[in-house]
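Down below are the structures I want you to see.
What follows is a pair of complexes built around chain A, which joins chain B in one and chain C in the other.
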Partner chain A sequence: MSATQLATPPPSVLRMAEGGIHFDGVRAVDGVTLEVRSGEVLGLIGPNGSGKTSTLNLLSGMLRATSGSIHLDDHDLTRLSMRRRTRFGVVRTFQSGRVFGRLTIAENVEAAALGGGLRRREARQLTADILAELGLEDVAHQQADALTAGRIRITAIARALASRPRFLLLDEPAAGQNESEAIALITAIREFAQRRGCGVLLVEHDMSVVMGTCDRLHVLDSGRTVTEGEPALVRRDPKVIEIYFGKRHDHDAER
Partner chain B sequence: MTVLSTRLQTPLLLIGITAVVLAVGTAGGPTLERVATLSLISVVFVVGLSTFSGNSGVMSFGHVAFMAVGAYTTAYLTIPVPLKGVLFANLPESLRWLAEVHTSASAAVLLSCAMAAVAGLVTAPVVARLSGLQSGIATLAFLLVVYNVLNSWTDVTRGSSSMIGLPRSTTIVTAFVAAALAIAVGWAYRTSRSGLQLQAGREDYWAAQAAGIAVGRHRAIAWVLSATICGLAGSLYASFLTTFNVNAFFLSATFAFVVMIVLGGYLSLSGAVLGAIGVSVLQELLRRLQDGGLTGGSALPPGTANLLLALVLLLTLVKAPYGVMGARELVLVRGGRRLRRGAQAVRTPAGS
Partner chain C sequence: MIMEFLISAVGLGALYALLTLGVALMFGVLGLMNFAYGEILLAGAFAMYLFRNEPWFVGAGMALVFAVAVALLSERLAFHPLRDADPVILMIASFAVSLALQSIARMTVLPRARGIAPEPFLSRRIEVLGADVSVLDLVTVGLCGVTLVAVAWLMGRTSLGIQLRAAAEDFRMAALLGVRPNLVIPAAFVIVGVLAGIGSVVLAARQGSVSADMGLQPMLIGVVGAVLGGMSSLKGAALGGFLLGAVTALLETFLPTDLIAFRDAFLFTALIVVLVVRPQGLLSGAKVRVS
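Moving on, here comes the complex of A and B:
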């Protein structure tokens, strides 16, 4: 572990302070403060409509915050476009995948590598490396919209990696997969994030999936922070139990 | 097959198809040669249009204006000076030099392309910012502006009177060479860094932004390149017909070219080439049908040919919304580009 850390850039912090956005009256995010540090996985959880995607939209620049600020270390990102933030190393995926449907998987990844400013040769090299790492080599030349939903999600992650992220913002990367598949995927994400010294914000609505895979959890409800902390502590929090009442988080304890 | 030839088979096949048009046109009589030459010029134009529309996904109704820029530039540069003295007797003082300049045919082609590129550069900032319906309307507005300037600025452009007396420097062979060149350039752009990023933006604008891609910048690059190619088509058109009228560069030409690219499939270069050739042939057949030459019977009412063409377009759009080719390219052998594998590629069995 220490060997890989030697090779990684100095740790940095992506921070949203009192971030907020409202859509004609609905406060989708209401004064949320959170921090992601390089090398760690922060799970952002909460029930449907609690503001997880909106928080990710604020961090990535898809939406401009109506209040609060977003910083990467000392750099103020609050007013930067999504594209500029990607070039800064803050890279997102979308809840619905949004791959480039009529391009091949390899082209999807290569386009992102080129978007990050790489030369052709470097972009192809990076693409080959990422496809190999994520086990997508066999479908590299298939058109993206012909793939299964699971493969489309992996392609979206591959594309995000091609932007050479310092922070990855992943919106429910394991949606539609069963619990053990989801845990395997997030564990793999965690491993390559640590190897690259990259911080991960992972949006997930299933508590049981994030328990063993995230370093810290941040819980949202109705656009507000409920609590934040180590998974084991968060799960025992009465407010969290109330929100997730009826969810099957209990029987996952022996995992 | 080697990797290189698999990658180049599409442009080579397309150039091969235009070579067939050349062969047929050369073997046939003068009428056939004329039809073949005009269809090769259409190939140049539609490949130019597809360089923008195919990669960006934004349809343009304004590209005929670039063709006009190319045609007028060629007219100014190649009509013999004595004749120009007569044709442009009322040039304003500041433009007197236009009646004096004269260049070789090949220099005229290059300068025509350059002028169309300049027109593309001037309009590129607008195109970079707009998409969808707004962009379609903006390109149509551009066509209207250029048409009205050409039609109204009579002292300089001869307005609705024809340009005449251009030396005939375009032959079927030059038209073929230009078509092959356009296909090569169109293919090179499509597979370039900029082309790939623009196609990503075509597929999903916001996902492309999230991938760091400056979609607007690449749209502008494609716009200028496609303007240049359409300027080439205009120059060839002018020096093939030796006389032309401003009305050749307005709505009916726009419609004809849009039918070509939409029928063939605007997303693919193969669709552009096949559409241009196929519709040229179809137009000629319909024309012969209309004046009775094909059936040996009596002539049909004027407009029948265009009506039938519109019908074919409608039927195709219903059956195949993205044209005959869709997003596919013509290939003989299926085979992907081989990935260059990194020596230090890390393999991770998940969960180890």
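Moving on, here comes the complex of A and C:
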């Protein structure tokens, strides 16, 4: 991958095949197969404890799969560390954000752009673009320590985007925000990703947030795949309705 | 009188800020409490001694070269192989580097302190705004001031600086974002080498002599200043060092003659009071990584 490449990379696929991990005999993820393609947003949803975050951790390299495999196109990532996977362009965010508190928002983003190999001028341009798209311009020169938790989380996403990922793995990026803010944020991420041909995997528990913003949904329950497909179809799936909305299906929830 | 005091206070403050910044930078980027810092400074002073018969600026230039070279060598030989080691192990390694370098200096040319003939131009006194000031004090202010401004510019305005500060705060996260350890760590050592080199030039001129153990006191000053300002903030550390120097100069000037011998007692009592009130240091955030 050329260091200064800003153009759309060729389409590729991040794929987990029959991936699994168990902790003390509990199968947190049990033979899940899923694919993220460049340019699309895949929503990974499911109730609490269904294995969403563990799946994200397997893909990012935070956890090593005890079974199955993870490939980026032809490259086998299964045994690679998180850092090595980042070099392949598989980048994740952390729920806590882990932003550099003593740097400004702009510097946080720029550090990632520079780390990704951009020159100073290109890095500044990319930083300005990302800050504008995620609505962070007005706080660009504030120290990250001084911001609210929501803004810190957006900064972490901006920083991840600045490393020009081929695949971006987001762990509940909109947590702590209201529904319209969440949708606006994910829409901005989606537009950014589409323009740069980046694939996004989005862990989210709020069904209403993912409905309008994801291209496809992958539903997990107890570490297993329930179903997968277009949001509209997934939402009508009886199995999804049962696990997600509870056995007594309330029609209001579908509104 | 006031003018003379101000210049000597600012000079000592700037010198201490320089020393402190080196300690804080090592601590930030590597999580390394580097006790060999004093010996990096010694390397500079050593060069000042070796080139004592050359023009002063040649010696000063060689001091910088020696200090940077020793800083980089110690990184390469001692700290690089231990990069993933526990901070305590790094600290002990830095003791070893410190002792090894001191011993080398003792075995070669510095078994005991050696005088460096004072540079005539530095010991001259000139009149500034009606005050009688030594050129040495002016040179101290100038050299240390320029170095501090240069480091501030480097850290604040350059791409290396942004990456260094990111690495100083969360090294793993920075590495994950692609900031290369093989860039920022040697860069930090080079900056530390420059800071110590400039410090050695000023110290050698002020003391008029060099000795194998001359690094100890500046290293302690650096640590104390950094603790005072807040270990995890470079700005805070520089401020802490500056205050420490300025207060030292203040005590030297205004303490009654009988009490000057107890200057450090007053100084460290004040330090203890500050740390009781603000244990995290003057400018530091909440978390300080000390293991």
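The working rule: the second predicted complex is superposed on the first by the 232 of 255 C-alpha atoms of A that agree within 3 Å, B and C clash if a C-alpha of one lies under 4 Å from a C-alpha of the other, contacts with A are read in each partner's own complex, and residues count from 1 in each chain.
Operating definition for what follows: a contact is a pair of C-beta atoms (placed from the backbone, for glycine too) under 8 Å apart; a residue touches a chain by one contact, two chains touch by 3 or more.
These numbers were taken from a predicted model, which means no experiment stands behind them.
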Overlay on chain A: chain C relative to chain B, clash or fit: clash
First (chain B), second (chain C), both or neither touched by A:E110: both
First (chain B), second (chain C), both or neither touched by A:A175: neither
Partner chain(s) touched by A:R83 [first = chain B, second = chain C, both, neither]: both
Chain B versus chain C as contact partner of A:G101, first or second or both or neither: both
Partner chain in contact with A:H141 - chain B first, chain C second, else both or neither: first
Partner chain(s) touched by A:A184 [first = chain B, second = chain C, both, neither]: first
Residue contacts on chain A - larger count, chain B or chain C: B
Touched partner set for A:F192, first chain B, second chain C, both or neither: first
Shared contact residues on chain A - chain B and chain C: 82-83, 86-87, 98, 100-103, 107-108, 110-112, 114-117, 120, 123, 159, 163
Chain A residues touching chain B - in the complex, by the definition given at the top: 60, 62, 81-83, 86-87, 91-94, 98-104, 106-108, 110-112, 114-117, 120, 123-125, 127-129, 131-133, 137, 140-141, 159, 162-163, 184-185, 187-188, 191-192, 195
Residues on chain B engaged by chain A in the complex (per definition of touch): 193, 196-197, 199-200, 203-204, 206-214, 267, 327, 336-337, 339-342, 344-348, 350-351
Residue ranges of chain C in contact with chain A within the complex: 158-159, 162-163, 165-166, 169-170, 173-180, 232-233, 285
Touching residues (chain side chain A, partner chain C) in the complex: 82-83, 86-87, 98, 100-103, 107-108, 110-112, 114-117, 119-120, 123, 145, 159, 163
